[in-house]
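Next come two complexes built around chain A: one with chain B, the other with chain C.
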Partner chain A sequence: MRRVLHIIRKEFIQIRRDRTMRALILLVPIIQIWVLGYVISSEVKHVSTVICDLDRTSTSRALIERLSHTVYLNVRYHEERESLVGEYLDAGRAMIAVVLPAGLEKNLQTLQPSRIQLLVDGQDANTANVALGHIAGILEAYLTDRVRSQSAAALLSEEIHLLTPVVQVWYNPNLKLSDFMIPGIVVFLLTMITTLVSAMGLVREREIGTLEQLLVAPIKKHELLIGKIIPFALLGLFEMGLAIGFARLWYHIPIVGNLGLYLLLSIIFLFTTLGLGLLVSAFSHTQQQAMFMSWFILIFVLLMSGFLFPIENMPRLAQWLTYLNPMRYFILITRELFIKGAGLRHLYIQGLILCLFGALIFTFSVLRFQKRLK
Partner chain B sequence: MKPRIVAVLQKEFIHIWRDPYSLLIVFLFPMMMILLYGYAITFDIKYIPLAILDQDRSPASQQLVEKLTSSNYFRITARLQDRRAIEPGFLHRRMSAVLVIPPDFDRRLTSRPETSVQLIMDGANANTAMIAMNYLKSFLTRTTLELNQGLLATPLEIEPRIWYNPDLKSTHFVVPGLIAILMMMICAMLTSLTISRERETGTLEQIFVSPIRPVEIIIGKVAPYILLAFLDAMAILGFSHWVFGVPIRGSLALLVFFMLIYIYASLSLGVFISSRTRTQQAALFAAMLGTLLPSVLLSGFVFPIASMPRVLQWVTYIVPAKYFLIQARGVMLKGVGFDYLYLPTVFLLIFGTLLLAVSVKRFKTNLEG
Partner chain C sequence: MKSMDNAYSVEVNDLTKKFGRFVAVDHISFYVQDGEIFGFLGANGAGKTTTIRMLCGLIRPTSGQGRVEGLDIFTQTEAIKQDIGYMSQKFSLYDDLTVEENLVFYGGIYGMPSSELSLACEAVIQRMDLVSQVKKLTRSLPAGWKQRLALSCAILHQPKILFLDEPTGGVDPISRRAFWDAIHQLAEGGTTIFVTTHYMDEAEYCNRLSIMHEGRIIALGSPMELKDRYQQPTVEQVFIDLVKPAKA
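Let's turn to the complex of A and B:
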């Protein structure tokens, strides 16, 4: 045990000595949460728009007014000639062109169908889709209000019957995307740091030749391994705490559930990521290799975890694959616990699966690594 | 002078060859990403799990539910008996939204001027909740218009024409971004790592005391990575073009020219990083913070710049990948020419030259000091 402590101390001394590392340990989580928080959890907003009004009536002006007064669009240009709106898309100045056709007001008054033409830069399929949805919503809201004001008299005469929704949003009443995304970023950070550091840490000793010195030192192999792994785990938990603290202060994310339970589940999850890093280091000769392999694995773990892209919408085969991804379970645990305050009885299945993954990956990688040391 | 550079070149090629793992990953990674984006990843939200709490149980309420589920936005995963079942249902993730149809719905719908149904959303996943809510609202508006046919306005039809990517395929959008990230990874990350590895293992000093000039060292170390980045970009282009039909509408020669400019800018960034870091680990972290993350997050690769807060939008102006993406997408998807794209080119040239000048100077002082 004393010998393990010595190794742990050596690791911390190494970190302390490296000025760049020391700064990075503090900066990486904060910068990541800060930047990622804004980038990932920003809703589609301020989509650059050009409007071509061929109707020029009070109706078309009212519609333009509504389109201009939403955060989703940024109406930057008004073009008079329909033939020129395409130019705005080509030059990348606008992403959407709205053409309000001549006769719009007349059609609405006579209950004739009218068509509003939209020209959409479809390169970014997601933004295009979301913006289209918002425009549809704005037009629909305009119509509903119009119906309401015009049918006030009819409503009283009980000729017209409206069906209206009353919406109640639980857990996240303002539908803040950051509440949902930032816990995911915390998980990604923890996964990334522990995997990378444990993958590179051991290879580094081998690369600069100090591993042999350690191996001939009077210390058992498993003690060496434990002594190397524990600082990585502590580092990961420290970074996670820093990230959560910063996210709470800066983004005011809710933490409804029990943090003690969360710490426990995080430690279980760490066995998977540290094991993964160890496995990578058993297969690589240089730090560069270790880093490449870790990134290669991490990107897929990230994309197939439900962090950015909802799993339910993937094709069946891809969905099955995600069941093999430990981060999938931990992302779910984190979000449910933070936002909804889910407890162990809602999350025990995920917890058990993580235990299983952790035990399997960790044992396998330790065996593999010890073989490699010999 | 020539043979000295060739020697450094040879040495670097040997380094790359000795490490087939990294080489394999550099080529395999983008292909896997394209496959993933092509097949697995979609932003569409469909089949949102919905629970029904029907307190009316009349033909009218059943009809409403049926009509709602005939689209593939929702699938009904639970039928609740009373309101107390809602909370456990949300916590066990059995549904994301509940539609509550009030008692008397049938009668009210035809006798009262206004009838309400309640939507209770699990707001934890803000994205899904927002889409579900918008869809339910517009569904109810449409139902209202149908109920009162001939009395109220007809819906405003939207006729969208999608340019550049008519099927809204995310692969088309992602491929130029992947090229930008991969080239940045190879040119900036690998070069900064290889230089800092020499420093860490102490071989950089050996090279410095040999009769090679710093410029020669840099060129010799960097040239193999230029080749590698270029080959990789071509492989990505070919694969995405022939397997997933990603178009190259403009001139290929122009695209290659833009790639070379971008390679120059990324290399300068890599050399700059390695001139300022001592260990591989530090170089790695710095490269991640300085090259990889900005290229992924702040370039417009998947996250639109217009939606970011103002400060981050300013930061994007110093991210080289942003400019390359404008160029690559312009040529590949829009098919526009150089007259639309000269500004980003000018910027990348200035960016690269500035960084290179600063780091060469730094290397020289290192050598002398």
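Let's turn to the complex of A and C:
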């Protein structure tokens, strides 16, 4: 135990002496949350749109008016010739083209269907889908308003009025993407920092030769490894606290759940990331190798966690693989706890799985670490 | 074959280390007496560092037998570590720690209680004349001082035997002389010294020498004996004489 304390103390002295490190520790979480908060939570807005009005009636003008007054679209171009509409998409000037057909008003008055053509640049499928949804909504709302202001007979002929959904959005009533994404960024930060510092920590000592000196000392492997990772764990928790505090102040993310429980689950999660870092350092001889190996693994850990891409949308095989990813469980824990205020009652399964992963990864890296040189 | 006697600090029999097909140390046998300064002489790549690392428990030997302070180098490596001090060629110090912090850290990982540790640090600082440097960052020290600090870290826990792997590389002649004075003092105090070097003048300071070439010990004896045996005025001449025909 005394030996472990000496190692911990040494690590802290080294961190304190390193001015660059000190600055990074304070700035990294704040800058990442600040910048990435805007980037990742960007909702689909201001999609560049071109409109071709072949009807030229008060109806078509009213529709254009509505399409122009939504934040989701930015109607930048009006094209008179239908044949030229495609050019806007080809040139990348517009993502969506709306063609209002001739006879639109007449058809509406006689309750005949009209076909409004939407051309979409589908490269960014997500944005395209969301924007299409908004346009459909706008058209429907227009129709509803118009029919309501007409005769009661016409009203009866419109099914949509007979089935009106009453929607209640729970947990995130304003559907603010940032409330969902920013806790994810906090987890991303914690995962990245702790894996990397832990991977570098031992390899750095191997490079400068001090590891050799530690290996000829009568210190047990687990004493050495625990002494090395405790400072990194504390560092990780400090970074996380800073990130959450900043996210709360700047983005007003909700924290409904119990932060004490969150701290406990975070510590359990840290065993998996720190253990992963140790494992990487057991296989690396230089910091460069450790860096490459860490990122190779981190990319999978980050992208297969549900942090950016919903797991439900992945192919079946990839979905199964995500069960092997500790971050998957911690992302879920974080979102459920922050947004829904989930307690231990809801999260204990994830917590137990993380315990298991942490114990496995950590034990394996202790076993893998040799008190000998190659 | 010699008996496994406790009067020997190190005893090695047919010790061999292979890295794949490369034989780094090839069936060497020797012993080191308690309290003597035993020199391991050889060109770079002769197998000196590999031998020292096997004795310190850093590398597992391929075959043979060996004991350090009566403990087996195959099975009792962790017990050996409490008894030995080790200084590698790189002076494994933390550059971003002060002289004092390095001492406290290395003493600490040997499990010394804090009262004993501060006394031991004080004694070593006096003995190695480090008083003026105590609060300085190790990074800022000249090589000679770093070497002295590395030695201090290695002897803080009062090992029975001290392994020095080319301890004077890159250090000026005056510092080297001072370093050897310290080594002699330690030996007089009863510490066994096992030192590798390729400086021939340093070889003259040793009680006994073994000359290593391509993984084998090709000569062993006191500097005087070796000079007599090979009819040469200096150890350097003995070495060149021995290694040249071996190369041809």
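Simple rule for what comes next: the second predicted complex is superposed on the first by the 352 of 374 C-alpha atoms of A that agree within 3 Å, B and C clash if a C-alpha of one lies under 4 Å from a C-alpha of the other, contacts with A are read in each partner's own complex, and residues count from 1 in each chain.
Methods note: a residue touches a chain if its C-beta (ideal position, glycine included) is under 8 Å from a C-beta of that chain, and two chains touch if they have at least 3 such contacts.
The shown structure was predicted, so the numbers you read here are calculated from the model rather than taken from an experiment.
**Q** Could you look at A:136 and tell me whether it touches chain B, chain C, both or neither (first, second, both, neither)?
**A** First partner only.
**Q** If you tally the residues of chain A touched by each partner, is the higher count for chain B or for chain C?
**A** It is B that touches the greater number of chain A residues.
**Q** Counting only touches as set out at the top, which of chain B and chain C does A:372 meet: first, second, both, neither?
**A** A:372 sits against chain C, while chain B stays out of touch.
**Q** Under the stated touch criterion, which partner chain does A:215 make contact with: chain B (first), chain C (second), both, or neither?
**A** In the superposition, A:215 contacts chain C only.
**Q** Considering only touches as defined above, state whether A:3 meets chain B (first), chain C (second), both or neither.
**A** second
**Q** A:57 in the overlay: touching chain B, chain C, both, or neither? Say first, second, both or neither.
**A** neither
**Q** Check the residue A:70 against both partner chains and state whether it touches chain B (first), chain C (second), both, or neither.
**A** It touches nothing on chain B or chain C.
**Q** If you stack the two complexes on chain A, which partner ends up touching A:258: first (chain B), second (chain C), both, or neither?
**A** A:258: touches no partner chain.
**Q** So, A:14: does it touch chain B (first), chain C (second), both, or neither?
**A** second
**Q** Touching chain B in one complex and chain C in the other: list those residues of chain A.
**A** Common to the two interfaces on chain A: residues 18, 208.
**Q** Residue numbers of chain B touching chain A in their complex, please.
**A** 19, 21-22, 25-26, 28-29, 32-33, 36, 39-47, 90-93, 109-131, 133-134, 136-138, 140-141, 143-145, 147-148, 150-166, 168-170, 172-173, 190, 193-194, 197, 200-201, 277-282, 284-286, 289, 293, 297-298, 302-304, 306-309, 312, 326, 329-330, 333-334, 336, 340
**Q** Going by the contact rule set out above, which residues of chain C touch chain A in the complex?
**A** Against chain A, chain C makes touches at 53, 56-60, 77-79, 81-82, 84, 86, 88, 90-97, 101, 104-106, 108-111, 113-114, 137, 153.
**Q** Would you pull the chain A residues touching chain C in the complex into a rising list?
**A** Chain A residues touching chain C: 2-3, 5-7, 9-10, 13-14, 17-18, 208-210, 212-219, 371-373.
**Q** Going by the contact rule at the top, pick out the chain A residues touching chain B in the complex.
**A** So the residues of chain A in touch with chain B come to 18, 20-21, 24, 27-28, 31-32, 35-36, 38-40, 42-48, 74, 86, 89-92, 95, 108, 111-129, 132-133, 135-137, 139-140, 142-144, 146-147, 150-151, 154-156, 158-173, 175-177, 179-180, 200, 204, 207-208, 283-289, 291-293, 295-296, 299-300, 303-304, 309-310, 312-315, 318, 335-336, 339-340, 342, 346.
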